[in-house]
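So that we are looking at the same thing, I have put the structure below in C-alpha cells.
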C-alpha cells in the first residue's frame, strides 16, 4: 500500500512535469520564432524565424550577408557580379562553398532584372533587391509570391541600415551591431584628423565608375563622394549627380591629383591611363597617383561591410604624411570578426591589388 | 511614225483594249477619242513605253516626247530648269546639261513665247502656262514624236486655244508626228489629220478625220445624239444634241 | 521679246548667279569661322590668341608661348572632334536632301527611312563577332542599305510612295532592326562586347580621333561625291518615275545608286558617332529656302549648312556642362520645333504642299 501510492505520485509528477515542459518550450519557441523588420522603402517584412534560404540581387549584399551570418549556409543565390568578386579573391579562399552558390538569378552583366524562374527553383524565403531603381525589377518577385526586402544605395546611413536588416534577418543582431559600431569608431578616428586638414591641402580626387568603354565619374551624390570627403580629399566632380559621363577635356580641366579606378572593369589598370597620351598632363598621371580600388571580401569602391578599411586605405593614399594606420593588422582583426579567419601577407597584397598598384606613388607604405 | 498592231492590254483580267491596230504616218497629227478614260491613257502609255502590252506590238521609229495630263511636281523648280530636264536623253549618267543644252531649252521656250517665265518657279504658273512648259520640256528633248494625254482637259477655253495653236504651229514647223487623247471632238476636226475612235475594249475605228469623224460615229462613241455643224467652208464642228424636252 | 528685255533677263540671271556665288562664299566663310570658334571652345580654358598661335605653328615658325597641354587639347582632342562633327553634319544633310529627292517627299530623313537602325544593327553585329573597324563600317553599310531597300519595297504603291506609307514602313523596319540590336546585346558577353556595343550605339563625338576622321571621311566624301555627280538625274527623278522614264532615264538603276550612296554616308556617320537624327530632315528644308530645290546648288549648300550646324551643336554638347550631353538630344530639341515651323511656313520657294 505504501509503494503504490508513491508510484502513482511519481507518475503524476512526471506527467505534469512533461506537460509543463512542453507548454514552456512551445511558449518559449513561439516567442523566439517570428521576425519583423522594416526595409528601406518602409515596407514591413515578417518572417517565421531567421531566414534559412536567402537570395541577394544587389551586388554588395552577398558578401555582406556572408559576413553578418558568419558563413554561406543560408545563402542560396547571388548576383553574377557578386560571384565575380569572390572567384579568385579572398572570400573564395575563406569560403570555398560560396563558389558553388548559383549566381544566375539575374541576366548576365550589370542588370538587376530578376530571372524569376531560376529564383523560384532556389525556393528562397527572402530575396534582397534594390529599392531605388524602377519597380520593374521588384514587381515580378512580388507577383511570384516571394518575400522581398528592398535596400537603397548612396549614403553611409543606408549601408548601416543594410547591416541592421541583415542582422534581423539572420538573427545575428549582435554581430550587426558590432559591425556598425566598428564603422562609427573608424569614421570618428579618420574624421578627427581629416577635419583639421585645411581645404587647400585636400588633394583633388576623381573616381572613375567607367573608363574603358566611356568616361563616367562619381559625382556629389555618390557613396564614393562620401568617403573621398571623409578621407580628406576633394571630389572634383562634386557638382554632378551620382554618376555622369564627361568628355576628356573636362578631365584635363579638373586636373585631379589622385585618380581612383573602379573594381568592376576587370581589365582596367592604372597602366591604361599612363599609356593614354591625352592624359599625360594630368597631375595624377604625372605623379603616378592612379590607384585601382582594392578588392577584399568585396570590392572596396561601393558601400559594403568592409568600408571602414576603404576609409583607412584612402586616407593614407591621400595624406601619406598625416595618416599611418597598420592596415594589415586592421584587415586581419576585422576579418577575424567578420569571417572568423585571418590573413597572410600575400592575402593583403592580393586585397590591396599590388598586381596593379605596386608602382604607384607611396604604395610601399602598405607592405 | 507610229505603228500599232494587234495591241492588247489586260488589267485585272479584263481587257482594256484588244486587238488594236493603226498607223500614224510621219508628220501627221492624230487624235484618240473615247469615253473610257483608262483605255486611252493605257494606249498612250503603251506607245510611250510605260505600259506593257499583253499582246501585239507597237513600233515607233524615233524618240518620243510625252506630256502627261496633269503634272504634279513636289519641288518648285524654275521653268528653265524644268525645260532643261527635257535634255535628259542627251545627258549621260553622272553628267549635267551643257551650255548648249541650256541654249536649246531657252530656244524652245522662246518658240512657245514663254521667255517672260524663264526664271519663275513652277508653282507660280497658271494651269495653261504649266502645260506649255511641259510641252516645252518634251520638245526640248528633240523628239520627233510628241504624245500628249488630254493636254487641255483641265484648262479653260482660252487656254485650250492657246495650247492647240502652239501645238499646231510647232508641229507644222518641225514636222513632228503628234498623237493626243482628247475629249473635244471639235478640236479634232479643226486640227487633226487622223482619228482613232475607241468605242469599247473590242471595237475601234481608225481613219482620216474627214471621213471617219462624223456625227454618226460620235453618237456611237458617246452614246448621245450628236450634230455636225459647219463653221466655215472648210471647218466643221460637232455639238451634242440635247433638247430640253428630252429630260 | 525685245533686245532690251532679253538683256534685262540676262541681267537677272547674272544677278541670280551672283546671289548664288555670294551665298557660297558666305557659307564657306561661316564654316571656317565656325571651326575656328569651336577650336577655342571647351571645358578647358584656352584663350583665343593661344589657339591661333597653335594653329599657325603648323604652317610657320612661331615662338612657343603656350603650354604643351594646350596644344594637345587643340590638336588631339578638339580638332579631330570638330572634323568628325563637320563631316557628319555634311553627310547627314546631303543624304537627307538626296533622300527627299528620291522619295519625292520633303518629309523624310535618314532616321525615318530606317537606315540608321539598319546601320546600328550592322555595326552592333560586327562588334559582336570581331574587332575590325573595317568590318564595322561594311556591315553598317550593308544593313543600312538593306533597311532602306525594305522600306522602299514595303511602302510603294503605284510608283509613288505616299508620306503615310513611308513613315509607317520606316517605323516598322526601324522597329525590326532595333529588336535585332537588342538581341545582339542580349547575346553579347557582358564584360567585354556588351559595353563596347552599348557605348557605340549611344554614340557621341567624344571618342573622336584622327583614325575616326579617316573612317568617316572617306565614305562620306565618296558618298557625297556620287550624289553630287547625279544632281541632274536627281532633279529629273524627283518629277516622278513615269516622267523620268519617259525622258529616257534608267530610273531603277539611278535610284539604287543614290540609295547606296545614302546608305554609305549614313552608315559611316553611325559608325563614327552613333545615331544622330533631325539633321537630314531639317537642314535640306532650310537650304531649299536659301537656294531653291535644284540639286545642283542644294547639295553643296546643304552640305555646308549641315557642317556648320553640327559643329556648333557639338560645341554646345561638350561645353555647356561638365557632363557630356549626347548630340542626338540637342539636334532633336532644336530640330523638331524648327521642323514644325517649317511645315507651317511651307512656301512656294522650296516645295508645294500638294
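Lettered A, B and C in written order, each chain numbered from 1.
Criterion: contacts are C-beta pairs under 8 Å (C-beta built on N, C-alpha and C of every residue); 3 or more make two chains touch, one makes a residue touch a chain.
These numbers were taken from a predicted model, which means no experiment stands behind them.
Enquirer: So which chain is farthest from subunit B, going by the mean of the CA atoms in each chain?
Expert: If we average the C-alpha coordinates per chain, A ends up farthest from subunit B.
Enquirer: Skim through the chains and flag the pair connected by the most C-beta pairs in contact.
Expert: B-C
Enquirer: On a C-alpha centroid basis, what's the spacing between subunit B and subunit C, in Å?
Expert: 43
Enquirer: Please work out the Cα centroid separation of subunit A and subunit B, and write it as a whole number of Å.
Expert: Centres of subunit A and subunit B (C-alpha means) sit 86 Å apart.
Enquirer: Please report how many Å separate the Cα centroid of subunit A from that of subunit C, as a whole number.
Expert: Centre separation, subunit A to subunit C: 48 Å.
Enquirer: Where in subunit A do residues touch at least two different other chains?
Expert: none
Enquirer: For the complex, which residues does subunit C have touching subunit A?
Expert: 42-45, 67-69, 72-73, 76-78, 186, 189-191, 194-196, 198-199, 202, 206, 318, 322-324
Enquirer: For the complex, give me every residue of subunit B touching subunit C.
Expert: My answer: residues 45, 48-50, 63-66, 68, 71-78, 81, 85-86, 88-89, 91, 93-97, 110, 115-116, 118-119, 121, 123-124, 141.
Enquirer: Quick check: in the complex, which residue numbers of subunit C touch subunit B?
Expert: Residues in contact with subunit B: 1, 5-6, 9, 12-13, 16, 101, 104-106, 229-233, 235-236, 238-240, 242-250, 254, 288, 292-294, 296, 348-352, 354.
Enquirer: Could you list, by residue number, the parts of subunit A that touch subunit C in their complex?
Expert: 107-110, 210, 212-215, 237, 239-240, 244-250, 252-253, 266, 277-278, 280-281
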